[in-house]
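After this come two complexes, each holding chain A, first together with chain B and then together with chain C.
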Partner chain A sequence: MSGLSAWLIQRLSALYLAGFTVYALVRLAMAESFSHAAWSDWLAAPLNAVTLWLAALALLLHAWVGGRDVLLDYVHPLGLRVVMLTILAGWLLGSGIWFGAILLEVM
Partner chain B sequence: MSEWLPVRFMRPPGPRDGRMRFSIYRYDPESDEAPRQQEYVLDDLSPDDMLLDALLSLREIDETLGFRRSCGEGVCGSDAMNINGRNGLACITRLGTLTDPVEIRPLPGMPVIRDLIVDMDNFHHQYQRVEPWLQPDAPPPDREQAQTPEERERLDGLTECILCGCCSAACPSYWWNPERFLGPAALLQAARFIEDSRDTATEARLEQLDDAYKLFRCHTIMNCSDVCPKGLNPTEAIGRIRRRMLGRHV
Partner chain C sequence: MPPRDPNTDQKRPVFLDLRRIRFPPQAIASIAHRLTGVLMILAILPATWLFAISLSGPAGFARAGEVLTGIPARLAGLLLALALAHHLFAGIRYLLLDIDIGINRVTARRSALLVMGLAVIAGLGLWWGLWA
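What follows is the complex of A and B.
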């Protein structure tokens, strides 16, 4: 990932997540029920589902660029850096798959 | 009550009755096991004296004290050092602005050659890497190559850098990755040639900077702009480069 594309992804994902967080908080404050059924109903609307999937993607990308930045800044031995970047990528990918599985189950 | 107040609020900065104390980093890697702070006291000082004047007086007392200096006017950038925790030029720092005792250290993040003299080879190498010279695609004209006032205005704030190193030595990203991150001084110079209407290597310059390290280790903490003794803004220059990069793709 080039310097500019990582930088751009970090900023765009941050903007999306900031907007989504406000929307999610307002939506939760207005929710009448927190049951599994209500959650499932909410996700049945395509717009809600797409919004949430995009938020998950934005969060993963944002975490990847941020975590990668920390490792590039502070971890200097090449081998250790590669191992840690791989662990970070694996962890984020795993988290993404887990999140997707939960969401598909609810949907 | 007074012990709760920071020293700077208890009394004004500068010499008191002409007297000021100095705590100066001393280290000769060839003979000393470890660095130490050496204490000095000078009398008959005025708040309008510059720190360089005091250092020159101290060297009359102790000729082993090592520091660089040249013009003494804030133009050559030789006497950059860390003064009470902040990088600056000794020759344009008034004693009246400094709290007593004045703690002087070499520029942080650079290898010490002796006392306040640091090895700036890597700093200059990073400057070279941005190819800091005009690269026109046509041979230079016989006469001067005119710019419009607007074209010249875009270079304001970019050409005045004296390469003292205060900014790069205040940048944690440069401390962590001095070989790979170019540092604010070199990036300000990169911006200076990217913005120059007479230079036609802009695309290649932007391409060269677009990796994870050379420019994008900058996290915009603005230490560089805060300490620049010439009042320049390398953070803003780095932002201009980013915008130019973005303009190529979007």
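What follows is the complex of A and C.
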């Protein structure tokens, strides 16, 4: 993923994440009860689950494009660059798979 | 003599004295946008871990609450709240610049200062709202 597609993905994911962040904070401020039951019920509702799946996807893509740009700009030795890009990919993919597995379980 | 090619000329003048380079607000906002992005990337895995334990059961939910109200999480929360606020406002500024809004130098300078001011206020407010 590079060039125009990365540029476009970065901006589309930014728009979604900006909207989602504001929504999530407002929703959190409006929450009436904090309990495991209320939390997992909220996540199990289909609309909330879809919103969260999309947010996770947008976040991972956004973090990959942005983190990759930063590494390519500042890390020049090829070996170190490959290692750091691999760590970044593992960090994001690991988090994403873990998050997806939990969400599937709650649904 | 042909003109120098600035991309390949090894003798081109290079001035990188960081103590003497002046960074305009636009440059500071840009570097901060990168720093805050990296900071939030570092938070993704710990946040996923918190998400996991909060859903593991009532005991895990209580445990997540304890972790979040601890001193390390409060400090990390302050940094992340400021980072999120800056990244969001600076990001909106870049989206507007992309469509040529606020593109002239004077406006761009003002909007960079505005973004940084708003980020501090909103970041502190967010932290206060979440933890106080």
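The definition used in the following text is that the second predicted complex is superposed on the first by the 106 of 107 C-alpha atoms of A that agree within 3 Å, B and C clash if a C-alpha of one lies under 4 Å from a C-alpha of the other, contacts with A are read in each partner's own complex, and residues count from 1 in each chain.
Convention: a residue touches a chain if its C-beta (ideal position, glycine included) is under 8 Å from a C-beta of that chain, and two chains touch if they have at least 3 such contacts.
The structure displayed is predicted, hence computed values, not measured ones.
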| message | Based on the shared chain A superposition, would you classify chain B and chain C as clashing or fitting together? | response | clash
| task | Could you let me know whether more residues of chain A are touched by chain B or by chain C? | result | C
| request: Identify the partner contact of A:Trp98: answer first if only chain B is touched, second if only chain C is, both if each is, neither if none is. | output: second
| First (chain B), second (chain C), both or neither: which does A:Ala31 touch? | neither
| task | Please indicate which partner A:Ala44 is in contact with in the superposed arrangement: first for chain B, second for chain C, both, or neither. | result | neither
| task | Please work out whether A:Ser2 is in contact with chain B alone, chain C alone, both, or neither, and reply first, second, both or neither. | result | first
| In the superposed arrangement, which partner chain does A:Val82 touch: chain B (first), chain C (second), both, or neither? | neither
| said: One more residue to check, A:Leu72. First (chain B), second (chain C), both or neither? | reply: first
| field | Against chain C, colliding segment of chain B, chosen among 76-84, 112-120, 130-138 or 166-174 | value | 112-120
| note | Touching chain C in the complex, chain A uses residues 11, 14-15, 18, 21, 25, 28-29, 34-37, 39-40, 43, 59, 63, 66-67, 70, 88, 91-92, 94-95, 98-99, 102, 105-106
| said: Show me the residue ranges of chain C that touch chain A in the complex, using the header's touch definition. | reply: 34, 37-38, 40-41, 44-45, 47-48, 51-52, 54-55, 57-58, 60-61, 65, 84, 88, 91-92, 95, 98, 126, 129-130
| note | Counting only contacts in the complex, chain A reaches chain B at residues 1-4, 6-8, 68-69, 72-74, 76
| remark: Given the complex, residues on chain B that touch chain A span 173, 176-177, 209-217, 219, 242, 245-246, 249
